[in-house]
Every structure is written in C-alpha cells, then in structure tokens.
Amino acid sequence: MKSNLTFVEKGTRFLVNYSALIVLAVLIVVFGTLSPSAFFSLNNLQNIFVQASPGGVVALALTITMIVGEFDLSVGYMASLAGLLVFGFMVNHHDSFILSVFYSLGATSLLGLISGLIVSRLKVNAFIGTLGIGFVAVGIVYSFSNGALITGKTPHIVDTLGLGSIIKIQNLTLLWICCIAILWVVTERTPLGVHMRAIGGQARAAELVGLPVAKIRMWAFVCSAFLAGFGGIMLSMRLGSGQPNAGNGYLLDGFSATFLGRGFYRAGEFSVPGTVVGALILQVGYNGLAIIGMPTAAKYYFSGGTLVVALALGTIAGSYHFKLNDRKRKK
Amino acid sequence: MLAKNKNTRRMISACTAVIAAMGLSAGVTSQSQATTKTLGLIIFNGQDTFSQLAEKGILAAAKTNGWTVKTVDVAGSVDGANSAIQNFVSAKVNAIIATVVASTSLKSGLAQATKAGIPVVSQSGGLAPGIAGNVTSVNDVSNAAPLLDMAKVMGGKGRVLAFTFKPGLPCLLRENTLDSVMSKYPNITVTKSELPSDGHAAYAASTTAAWLQTNASYSGNLAVWACYDDPAVAAISSITASGKKAFVYGYNGSADALAAIKAGTMKGTVFFDPIATGKATFAAVLTSLKAGKKANLGTIAAPFTLITSANVATLLP
Amino acid sequence: MNSMTELILQLKNVSKKYVGLTALHPSDLDLYSGEILVILGSNGAGKSTLLKLMCGAESSDSGEVIFLGAQQKHWSVATSRSLGVEVVHQELAVVGELNPIENLYLGRELVVHKRWWPFLARRVMRKEGSDLLRSLGAQLSSLKGKTVELSGGQRQAVAIARAVGWGEKLIILDEPTAALGIAETAEVEQMIRTLRGRGLAVVLVTHRLDQAKNLADRVAVVRQGRIVGNFLKADIEVGKLAILITGEESASVV
C-alpha cells in the first residue's frame, strides 16, 4: 500500500484525520501561554478531567446511539433523572448506596428499553421517540421530587466517589476512564462493534447479511440510557445533592463532543476515542476561558463556534476521503 | 513494531501531542503575579433582573475597594457553578461569591475552596458546610408580607393560583411560607403550578389564562401569587384579556412590577434593594476575610419593603 | 460440463403471484456445479422473482425446491445460506464505512474467546481475507481504509469474495457489473470465471447480451413471467436471444 501523495496532500490528510486533536492541542497551548501557573497546576488538570467526567459519560451514551445511526435526545433528562433518584432513594427512603444506584439505573434503562422499542420496532422517528421518553423522564423527576433538589445525609461512599481520588486521579475521572475502556473494547474489538458500525453505515446492507438490525438498535438505546443515568449519578456525587434538572445541559455538550470527535480516530465517523477528545476540547475551553477571566459571552461564542467547526470538520473529513480516492482511482 | 495499526498509532500520537503541547506552552511563559485582589463572581441566572442589579452592587463595592472581578454566568447549571468555583480556585482568586444557586449543591466546588482557604459567600443560596456566610433578603418575615396582604384584601376567602419553582431556593422557601400562611385561611383555595425550568413568563401567562377559564363562573375573590415578579407580571396580560379581576402578588420589586402596581394591575410585591444587597454581599466577603479561615457569618439579612399602591410612589417618580 | 458436474439446485414447477399480478408462471430450472447460468431478461420480466425463489427470499406458491437431492419444505434465506448459497446484491453488497476485511466477515466474524466475551481475531481475518481476495485475483488498493474509498470494481470484488468465502455451493450474482466501467467489468468477469473453476454453481442475472455470450455455459431467457428459452453455450446466438428477450423480430442488437 504505497501512497503516491504529494507533501501537501499528506499534510492535508493529517489535518483532516487529526483535526480534533489539533484543536485540543491549540487550546492547551493558548491557555497554557496565557495563564501558565494556573492552567498547568496539578489541581487544575485534575479539575479539567473531573469536570469533563460526568458529561463525558453522557456524551459516550449519545455516541453509542450515533454509531448505530440513531440519536437519543433523552440523555440529558436521563442523567437528571438518575442523579435525582439516587439521592431520593438514599435520603428519603434510606436505601443503601448500591441499591439506590441499582434502582436509578434500572429506571433509566427501562426508559431506554421503551425508547428502543418505539424507535426500532414501531419505526417512530428517533427525534420524536426519544424526546417523548425524555419528557416522561422529566415527568418522573417532578412526581418524585416536586421539582425540588434532594439533599441530606448520605452514606460515606458518596463523598468518597464524588470528592476522593486515587494517586492524583479523581474517582469520578477513574469511572469515566473505565467507561471509555469498556466501550472502546466493545465498539472496536468485538463483532458487536463491527455490527454496530455496519448498521450505522448501511442498515439495509447489514440486514441483508443477516444482522439483527432492530435488536442491536434497541439495545443501543438501553445502553445509552444506562450510561446517561450513570453519568447523572456521577454528577450528583459531584454536586452532593439530587437536582431535578442538573443533567439537562449535557445533551447539547454531548452532541458537540460527539461531532467534534468525528475529527479524530475514525475521520468523518463517530467513535468512542473521538468523543473523548471532543469532550476534552469543550472542557479545556470552558476551563481556560474561566481561568483567564473571559466574560460570559466568550463561553457561548466558544460553544457555538466549536459546534460549527466540529460539523464543518466532520464534513470536510468525509468528503476529503472521496476526493483523495478519486485521485487514487485515476492513477 | 510499536504502532501496529493505524488506530493504535493515533492513540499514541494523541497522547504525545497533548503532552508536547503542555510542555511547549509551559516552557515559553513565566509566572505572573497579581497585585490587586480578585473576586470570583458566579451568576446563576443572568437574565433575572434582580441578579443583574445585585451584580452591579457587587461590582461597585469591589471597585471601591480596589478589587478586580471575574464573572461567570453559569446559566442555571449547578454543575457549571461547581466547575466555576473549582476554576476560580485554580485561578487563585482571593474570594468567591455564588449567587442564588443552592449552596447544598456546591459540594465539590466548596470542598476545593475550603481546601485552598478561599472564602465563599453566598447571596440567597442558603448555608452549607464551606459557605462563609449567606446574604439573603429571603426570610420568613419578607416572605410572608405579600401573603398576609393578599389574605387581607381577599377577606380571607377565595381562590389563589400560586406559581412555584422548587429548583430555586428563594422560591422554595417562599412556597414553604405560602403553605404555612395559607393553612390559617381555610376558605382560601390554593392551586399550585410549578414553573418549568425555562420559559417562565410564557408558561405563567398561558397557565393563568387556563385557570381563569376554569374559574369563569366563579364570583368570589381571585388572586395570582408568584414566587418572584416575572411570572406574576406575565400573568397580568392574561387577566386583562379575560376581563376577570384578580389580585397579583410577587417578590423582588422589579421595574415591571412597580410599574404594574402604579398602573393598578398588580397588587403588591416585596422590594429588596438589589444594589444594596450586592454591596452587603461584598461587605460579607471582606468580613469573612478578616475573620480568617474559620469565618462563619451565618445568615445576613438584607432589608425589604412591601410595595403596594400606597407606597409605590416612593420608588417611582 | 465435465464429469464432476453435480445437480445443485432444482426448481420444479415454481411460481409466484403477487396481488393482481403473476410475477412468475410455473417454471422449471436446474443449476449445476461448475456451470455459469446466465439469466437474461428486460426489466420486470421476472428475473428478480426467479432469483428470490432460488435463495429463499420469497417462497414459491407451487411446485418444489430440491437442494442436492433433498426436497426443501422451508426454503428461506437462512436455510439456503446455511447450505452454502450466497447472493451478491446489486447495490447493497458492502457497507462503505467498514473496511474490506470487516465486510468480508460481516456477521460471521472470526473470534477469540477470552473467557467472558468474544474478541475479533483481527490478524487471522486479515491474513485469511487477503489470501482469499488474492486467490480470486482481486487487487485492492487498501485493506484498512473504508470500502467506500475503493473503486466500484474493487467493491464488487469484495462482495463477490464474501459470497465465495461463505457460499460453498451456489453463488447468485445480481447485475454485478451494472455500475462498472469497461476495465472494471473485465476484472469482475474474470473473477466470475474463477468461481466456475472452483466448481461452484454460478447464477448471473444480467441484461447484457455480450456478457451472456462471454460468460455463460447456459442461458435462460425470461420474458413476461415465463422462461422462454434455455440454451447451452453452443447454441447461444446473440440475435436469437435479443428476439426472445423483447419478443419482437425487429429488435436491434447491440
């Protein structure tokens, strides 16, 4: 597989395949230059990772559905629901931590199963189906707590998970890393992962070779809801309370991270490592802007700007591959 | 042989790039030391009029004392508020003010601020471990003032539509006061409506219209109470449109509410001087710094006035 | 046909009716190993119905399907596939986003069981997959890039190779060169000859007379839901075929 590309072409290809990583590196250099002592302190690096962790898990949830060619608008609400429920069970019902987590994730997984059935079996558009289930999740939040935050005495493990760390790495970050590792193995190193990508690529072709398209899509929604709930629980550990709408904002950040991720690992496609880089880009940006003391408006310019850039890069990466191959073919 | 395939190579290059970028930028610059003191200010809801004015008060007080202020509007995100505190700690500010956001939800942020010895003063967010003091206009007396006036003008009987918002602490406390005050008026029926997480005004307007519709044939006293002014003011248009009469009450004394009271479409609100509250909050910061690490100022009350048609002229020319 | 020839699939008196439309009148067709059978016909003549009956995508309203001498009561895609029948579909043969190796093994990946979960045996698949492609004479520019980045001919080669990898008895190709240029068509035609050389029964559905003439050991012409002609190689005349396809004496032959 010799490539007969010119230097410029090689350079362009590098830019396209690694665009997200380049953006991340540029951000690190810029903020590091502007405020080296604050930005590069161990404490701040820990902060960046721990702040990215709950949302990073929710972004992974979204990525799973995106890989199979669907999407899940309910992830933010699912995160809020699980985060609220876990405190509700611990504080109001005095359940153990493990049991509370089990109930909360059970609830979101069940809702995910319903989304999955609605979308994959009843063929309802994912946009409508998952939005509907998301509202159901909000409804459960309000009937469970009347919209109030839940706080009170909780088992010790909540503080340990939310605030503790092992060898300088915060526990929440470790949980994120575990999710990344497991999902990377499943999506990149198992037959299921190949099947998921095949379904996301060309569902009809996947069906013709006998893959259980509807079933895999359905389980993707369950997995997404489970992960979103897990991210929500991590968030509530971080907040020290169950908040009825704390996770809602993760939907949009999750989308940004997922799309930014198309500029890394599998250029032009969604992938677990790509989403991780995407989530870090957002968090480094938010953190850096806060540290150098930029006005609030800057954060929104950054959010909006990165989303647009992410989409543009993804599209460029996709179309660039075609052009390159046109050239190859003509040779 | 190190990089066996494309993806492994990408992972390795990812790590290399990040480490290289860190090293590069760490090398090219040197530390700079701030001479003036810096305040980290967290605005929970920058679209709220009271928050905007309180921010003005804080900024003015900080300027007088020669402080610089870094402001972050977290747009209602508690997670964002925690991150903001942590980022302020990284940026080595001297003190932090968190407005409105419930202090009990700032666990990881407060943990870091405490560890770094940076005092966090809350404005209207309540007390929690790690909060040096809470400056609040929300207390039982001010909460009850419009409710008592409402019960009086209704003659102790009628129907009330109450807009509540549990995620906001002042609203939650006022709702508690609503419950306790109204329990003494058995002839007043209260219908609660919880405001959604956003779009309060539109929600209040449409809910009021619907509520008036269901009470179209009711001839007794009607009133609309909201835990802050904006939904109350939004309800007025629906009341006017329906042709029914209803007493409208709110809190904060926003410009819109004061104008409505002057016009006679709104019955009452509680006025907190937001700028004075902001200044008081900054004063609490200075006090807590003087008090040192173990500063515990508790709840600091900000003054209030119940505004009705009788005294609105003192605020509006 | 040589002495090794074996009767693979027999369609006896099969037919298919859809609501208000007879797609195929009762017909007979036999498929032999080591033989390329070309099915010719214009659009809507009943070619694809015949193809679906062969692979079990549709069940016949009448008659019987006999595979290697055994009557098949439930002839479905799953059954036919398990017995070594593979179809190369015209459009959706491969998933563009996957690489050629992933496409070759899609749905039947080789795995290493690591106690709790099956992992892809990536190295084995790459080795065996590239051997298979090479043995069929397919030259791919890359085995690691996305399949969509390959040329049309190379993509078709991947699709055919997959069919060969799993179809041990019968390969059915639906218009495999419809979207290809001259050079690429020649490559794919060469691959099809290789399949015959391996002793497989090959069915090629096409509307190109020249291709039929080039490749076929036998030609079946379908028109208006009937098999109107069944010729051995020696009897193939392009002019005669054209008339059978269109049903008109004056049909022009290109």
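First chain written, first letter: the chains are A, B and C, and each begins at residue 1.
The criterion applied here is as follows: a contact is a pair of C-beta atoms (placed from the backbone, for glycine too) under 8 Å apart; a residue touches a chain by one contact, two chains touch by 3 or more.
Here the structure is a predicted model, which means the values were calculated and not measured.
Summarising the inter-chain layout, the chain whose CA centre lies farthest from the centre of chain A is C.
With centres taken as mean C-alpha coordinates, the chain found closest to the middle of all protein C-alpha atoms is A.
When the interfaces A-B and A-C are ranked by C-beta pairs in contact, the top one is A-B. Annotation: 70 Å between the Cα-based centres of chain B and chain C. Inter-chain centre distance (chain A to chain B, centres taken as mean C-alpha positions): 30 Å.
Chain centres here are Cα averages; for chain A and chain C they lie 43 Å apart.
Each of the following residues of chain C touches two or more other chains: 144.
In chain A, no residue touches at least two other chains.
Of all residues in chain A, those touching chain C in their complex are 1, 185, 189-191, 193-195, 197-198, 200-202, 204-206, 208-211, 269, 321-322, 324-325, 328-329. Remark: chain A residues 17-18, 21-22, 24-26, 28-33, 35-41, 43-44, 47, 50-51, 54-55, 142, 145-149, 151, 159, 162-163, 188, 235, 238-241, 243-249, 264-265, 273, 277, 286-287, 290-293, 295-296, 299 touch chain B in the complex. Only residues 7, 10-11, 13-14, 17-18, 20-22, 24-26, 28-32, 43, 46, 70-73, 75-80, 82-84, 86-92, 102, 104-108, 111-112, 164-167, 172, 194, 197 of chain B touch chain A when the two sit together in their complex.
Chain C contributes residues 77-78, 81, 89, 92-98, 102, 105-107, 109, 111, 117-120, 122, 141-146, 148-151 to its touches with chain A in the complex.
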